[in-house]
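Some structures are shown below for you to check.
Note that subunit A is present in both complexes that follow, paired respectively with subunit B and with subunit C.
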Partner chain A sequence: MLSGPLVVVTSFLYLGLLFAIAYWADRRADTGRSVISNPTVYALSLAVYCTAWTYYGSVGRAAATGYGFLPIYLGPTLAATLWVFLLLKMVRISKSQRITSIADFISSRYGKSHLLGGLVTVIAVVGVLPYIALQLKAISSSFSILIHYPDVMLPGGAHTLPVWRDTAFYIALILAVFTILLGTRHLDASERHEGMVAAIAFESIVKLFALTAVGVFITFGLYDGFGDVVHQALQAGHLKTRLIPEGGANFWFSLSLLSALAVLMLPRQFQVAVVENSGENQLRRAIWLFPLYLLLINIFVLPIALAGQLEFAGMGVDADTYVLTLPIAHKQQWLALFSYLGGLSAATGMVIVETIALSTMVCNDLVMPGLLRRWRYRAPSMDLSVILLLVRRGAIFVVLMLGYSYFRLAGEAYALVAIGLISFAAVAQFAPAMIGGMYWRGGTRGGALAGLSAGFLVWIYTLLLPSFAKSGWLARDFLDLGPFGIALLKPQALFGLEGFDEITHCLFWSLTLNIGAYLIVSSIRAPNAEETTQATRFVDAMSINRPIAEGLWRGRAEVDDLISLTGRFLGEDRARESFAEYYAKERNIEDDAELPADGETVHFAETLLAGAIGSASARAMIASVVQEEPLGLDEVMDILDEASQIRAYSHELEQKSRELEAATAELKAANVKLLELDHLKDDFMSSVTHELRTPLTSIRAFSEILWEDPKIDLEERKRFLGIIVSETERLTRLVNQVLDLAKIESGHAVWTSSEVDLGDIIRQSIDASEQLIIDRGGRLKLDLPDAPAKVMADQDRLMQVMLNLLSNAAKFMAKESGRVEVHLKRQQNMYKVMVSDNGSGVPVKLQPVIFEKFRQGVEGSANPLGTGLGLPISREIIEHFGGRLSVKSTPEKGAIFSFVLPCINRGGAAPSNNPGQEAEA
Partner chain B sequence: MTKKVLIVDDEQNIAISVEYLMRREGFDVSVAKDGEEGLAMIRSTKPDLVLLDVMMPKMDGFQVCSEVRADASLAGVRIIMLTAKGREAEIEKGLSLGADAYIPKPFSTSDLVSRVKALLEPKE
Partner chain C sequence: MPKMTDPGRQYEQTILLLLFMLFLFASPFTSWWATGQYAWFLPYIFWLMVILIAAWLHFRFRNHDL
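Take a look at the complex of A and B:
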């Protein structure tokens, strides 16, 4: 049997388990094996979004409005796709600035303003207190329902009991102690709480399993699955209206928008999603795992709601309690206890994180500014880190007691779901200043203050006061007729805007005025130096890798002062450690003696301090220990411009260096090529030298022989002189050809180009060399077409080629019955000239090289007439006129040297594009 | 006994001139017109001295020289490299391969004759 003591003991055991998990996670973090760096743990901790309002309230809402509970989960699901940009940027900014809360975020963005941080804190506390009260109420109600097991008995009005007999009061006290233990256990005011996050992630699992267990029991235990529940509900008439969402499209839209904003702006969501984030890579899993969690926790909401309505029809059981009362009604005591624990998880998770987040904000943005002002005149008597911790603990206690007070006051006044949405609408007011500040440089402190104030006031007027009126604390006339009977000012039909539900109505007016005031007031005055600096740090967060501190601070500071200041809040040892690590890692300075106290160091100290006391207070504290010269807006603009110019320059430099590398590679390649050419030139010179020396050798030798011995007989003298003459000719020819080739290759040769007839050239060259062939005992065959074969070329140069080919043919034709043939024919748009002989041919392996310089194609026979330059020159000439010179030879059967040249088309010269192919054909 | 001199050169006119010079000095002269033929004739006739060109078809002078020096039965054969390739590196290559002298073309006829005579004189 479930009894009061059993439920109490179970509750305490559960809280003890949470504490053990937190303790274990903290210990793991200390040894460097953090559990919360796991992306799944991060995604589960985000599910602190699902509070008792989800756990009990969704069913209530489903019972009242059918699918009306869905937009609250649809909004975050749709918004999760934007987290890749938005949340990532929030995390990046917050990590670099050591942001401690959403109030700190907004205050820091607009020049580290205490006033702004304070306003955000007030809005958050006022907006979220009812929400905390709601959780206390959920725990207290569920507890009193459970201890009446097996009866289904709803709790009476708690506010009728004296405080000391009220369960909720003790729950609030216990939660305060528990939160203080989880959130401020260390004498270390760092902004992160690993143990708490681990406990929250665990709670997310418990509440999901508990709700699913109840859902499975009802859907599959009491009924035959989803279809059966719906079918029976339809028959009983409960479903007819449920499938049609209440409020229409604009209600769904505004609710989705509201929850999409709340999932980032609620202090507890900002705490787990941004402050407790331990790595940007965690976001990647969260953007699908968190929506999946929302889907899973909502699967059984409708079946439970329908089953409750069937079960308790006409019994007056509050739909908000179905999750608990259905198992009780069916005598499932352990399931009921598990369900109670699920609700406890949902409620405590919310209370713990929300309270820690609020206490940080209250401490850093409300209490610290006051203390700092006092300390300006009188130094504190205690260690500052102790004071800080005491303030935090006090804030936790006060927030929970305020929450309890609200619960006592509000009591049964308003339905659970409505309170949740009212809170959402309050924190949605942060969105313009926050999101605007991340993407727009023009926002100013004044603009943010104006926007937030306007939105907050409209929220009070259109949602909070009406909720008071509905609770009977204000005259209903205020709501129904407007203040002083002015209908135009009716809080929920402001300026005649009717036909919207209260949430849409509030959202419309509050966000319109909020955004309007933010933009208009921001545009009155240009951002000042501090705002401009912070705007750059926020807006450019994704492109800045290094903090842009250098130059943005001017003044004198002592490192010892900075260390002792941060030490007063963080503890002397931790401060020294942090500074040493900073100098070693960021500045590469190991020597303790020479620590520079420049802008970067001051910025580092300020950021370090901001992690403990918030950016506005940190700014004030730093300013108190260093001598600063304020920078003008112009100077700040110059420095920021310079920073962005430096980024541009460095980008340009990288570009240039890449270009230089490419140029270097090109130069290297060119150098290799040049070396090759140099080598070729050396070879050429060596060959020329050899070719010059060879005839000179004969000439000198015979000259000396004839000189020394004048009595040599006449025949011999004639023979020797003949050799001298022919070698001299050879020498002359060689010199001419070397010069000729050099001229062609260097591009200095003078070419004339005119219309010439290949037939004429062939005939003339044959006239000049026929005698040589006949002298050597050969015959010549000529095959020319009748039509003229006109090409564009240099007559003399073509003659040179023909003579070279003919003299080669004469030289290499067979010794006996030698034969040389010349053919000219047209091949498409080319003329082809072939000179063939019946000599020994060109060996296959030499065919590719005979057109190179000094490669004579015949092995083993002295070649007194060749210079080794005739074919290379001929090829140059033919190629110059767009043709190609090639050889075909079957060894021992002779060789065919042929060249092609493009025909002249009637009406103009137009060489073929690709003469090479023709030559091969 | 008449000394045998072999001329190995693919340049016909140079071979003619050198042959004339050697005959005038009373040597027994024969001529080969490429490296392969030259090596074969060295092996068959075992000349006292070879006047060896470097740039020749089929087998160049360096190769002929090293083949000769690798053959112990040809140990007494003197070799004079006679070439138009006059670079220091080539002279050294020739001498290191075992040539007795290296005379660049164009040469002085009297110088050639005196170098040949000097190499062929008995070494007492």
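Take a look at the complex of A and C:
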């Protein structure tokens, strides 16, 4: 039987398992066998998007609004289609600049501004606190429900208990310790956490399986499948409208947009998608696998919601708890425990990644700038990496305690989904500065500050303050009548904009003012030198292969100072290792003594440091050890123009190089063709001379006999003269064919085009060739339609083609039981003539070249059976009349030579396929 | 004409997929399928269709540099 201690022990065992997975992944990474480089693990880690909000809250939302939960997952699917442009660029920028958080990204883009990084951090912390509170609420509620098994008992208001008796407080403490162990055991220069990502990917599998298990139990265990649940829900009457989205198109659209922005702007999503990314090709699989995960985890949401409505109708059970209370109500204790673990994994995953991401931002963009400013001129000689770790651990603790405080004060006022949407709307404010900064060079620090401030203030006014009013912290009149009774300033009907839900209303005003302020303020002042440099690095990220540092820095620096400075934040050994790798790989230098203290080296040291303390602080720290001569905007523009020209020139060279390669390939192909033609010409000469010599030899031999022996008897004389005539005809035929082909190819052939009947031509050809086939022991089958087959062609030329095909068939048909068939039929607007034999067929490799000049249908024949010109001539003739000659052959099963010619359409009926005339020879 | 394997082609098809998704889930067509007269799983079918097209594009262009 489930009990409090069992649930507590199981929870700790589960957290222990997560830690073991993280430890194992870290060890593997140390040996160069990274687990998280696998694209599937990457896609699963992105599923940290699905928190307790998804796990419990989606069912609650589905129970209230039917499809109303779907846009929260369709938005990310929509955004994922654009990742091939957007996320790829973010990853590339972040890797080249060693960006470690979303605050660092925005701060770095607008000239490495401390102020901007700090503002983004404040927005992120304030905006995400409700979300963290939501996770604490989910864990605490599910724990309270489970320990009352087998009763379905909902938890009372936790805020009425003293803090030391509140489960959520201890959960927050345990999670803080666990997050510190998982995320800040050591300081990594790139802020990547192999172990944490592996643990998060595992949690994604657990929550998916747990929700699916509950769904399968309810859908197929309690009901007879999906159809049955929906049918019973529909019969219950009040559920009929549940499938219709609530709030109409506006709400549906704004929720989709909000989710599409949040899936990249939430600090934890930026952490797993960008900072933890270990290869651009991981994005490809994530583009479809992550949406597929979202689809799978949502399949059972509607059936569970409907089943809960049917099961607990009128009992006052909160729909947010159906995933847990339904198994409990049916006495499924182990399923209930598994379901609890699914919820625990969804909530802990979010809390771990979110607090690690926020602690990096708080440390780098709020705490360290202040500390470094104090130490700038009298920096302590101690190892600052220890301070960094302490600050981050402290930040994790503070963030979780703030989350708990929010949960105590306001968490009870809203359902789970409502709390999550407040956070989504807050982080959506980063979108204009982030996306604008990646594609627009004109964006300035002032513009980004103005936009973010405006959006954030509107978010506080239209969403956060009303949530406080609903929690009783503010007078309800503030919400209903507006401040000081000014109706135009009502927080949820600002400037008279009514008829929208609170999220759409907030999104409209906050993004409108955010984008407007960003564009207007950016347009007032041109970007300065630092902003211009960073704008180029961000906007041109996809076309820059190497960092543009050379020339953008001018001054004096010592390499030892740079190594010593980075060593104080990263540890001496790690700094030296990083520099050694840099000068060996990037500069081809063996010894750091040779390393020039130029712009590239200073830039490398700065980005290395940025990985640990953020780009703005890194910039400040580097400035403290080098003597930099500031560059004017004109100088920066000149350098960037030059870099841009070099890139364009390099691009042009690449293009020319590709064109040259293509031309070389064409020339090579032409050369091969010429060599082949040369070879064919040699073959032709050999063939022609052979053909000429054979009859000439016999003509000469028989002529000499007749010349030397005038008394030879008459019969013998006639026979010899017959041979001489026959051989002369053969010679004439060969010479005629060569001349004929030459004429056709040169375009000097005379063509007489008239209306001819293909059937007549075939019959005449058969009459001329039939005896040849019979003499060789073969049989002839003729299949012609009754109706005339009229085509426009030269009768003599077509006869020539038919005679050639028939004589070839007679030559190559089987020695014993030879068979030649001729068919004529109509195919749409063409007539097709087929001449087939049952000989040895045309070898497969000869089929593509059989219509080339001097090719023989038999491989390696010492005594060619023809001149090798008949088929090329036939093809020329058929093509001249708009037809096509082709061959189909299966070796040892004969060959079919066929040609098609366009028929003349004068309303005549198409020839029937009934063989009207069939002759057997 | 760009070759079928050009990255530009990939971008074109991605944008087409996005427009198709907007048509399914953010247009008057959404109101049509969401009236409740049709099978409850219809949006899931549309959703799966979009994912399959995205996967097909992934396999089609997998040999490209991103």
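Just so it is clear, the second predicted complex is superposed on the first by the 638 of 921 C-alpha atoms of A that agree within 3 Å, B and C clash if a C-alpha of one lies under 4 Å from a C-alpha of the other, contacts with A are read in each partner's own complex, and residues count from 1 in each chain.
Simple rule for what comes next: a residue touches a chain if its C-beta (ideal position, glycine included) is under 8 Å from a C-beta of that chain, and two chains touch if they have at least 3 such contacts.
These figures come from a predicted structure and were not determined experimentally.
Peer 1: Comparing subunit B against subunit C, which has contacts with more of the residues in subunit A?
Peer 2: When the residues of subunit A touched by each partner are counted, C comes out ahead.
Peer 1: According to the stated criteria, A:Arg826 is in contact with first (subunit B), second (subunit C), both, or neither; which is it?
Peer 2: neither
Peer 1: Report for A:Ala701: first if it touches subunit B alone, second if subunit C alone, otherwise both or neither.
Peer 2: In the superposition, A:Ala701 touches subunit B alone.
Peer 1: Is A:Glu727 contacted by the first partner subunit B, the second partner subunit C, both or neither?
Peer 2: The first partner, subunit B, only.
Peer 1: Scan A:Trp252 for contacts with subunit B and subunit C and give back first, second, both or neither.
Peer 2: In the superposition, A:Trp252 touches subunit C alone.
Peer 1: Now for A:Asn281: first (subunit B), second (subunit C), both, or neither, which partner does it touch?
Peer 2: second
Peer 1: Would you check which partner chain A:His690 touches, where first means subunit B only, second means subunit C only, and both and neither mean what they say?
Peer 2: A:His690: touches subunit B, not subunit C.
Peer 1: Which residues form the common part of the subunit A surface touched by subunit B and by subunit C?
Peer 2: In the superposed arrangement, which is not itself an observed complex, subunit A uses no residue for both subunit B and subunit C.
Peer 1: Which residues of subunit A touch subunit B in the complex?
Peer 2: Within the complex, subunit A contacts subunit B at residues 686, 689-691, 693-702, 704-705, 708, 720, 723, 726-727, 859-862, 864.
Peer 1: Which residues of subunit C touch subunit A in their complex?
Peer 2: By the definition above, subunit C touches subunit A via 10-11, 14, 17-18, 21-22, 25-26, 28, 30-31, 34-36, 40-41, 43-44, 47-48, 50-52, 54-55, 57-58, 61-62, 66.
Peer 1: Going by the contact rule at the top, pick out the subunit B residues touching subunit A in the complex.
Peer 2: My answer: residues 10-14, 16-18, 20-21, 33-34, 55, 57-58, 84-87, 104-110.
Peer 1: Quick one: in the complex, what on subunit A touches subunit C?
Peer 2: 67, 70-71, 74, 77-78, 80-82, 84-85, 88, 226, 230, 240-241, 243-245, 248-249, 252-253, 256, 280-281, 283-285, 287-288, 291-292, 295, 298-299, 302
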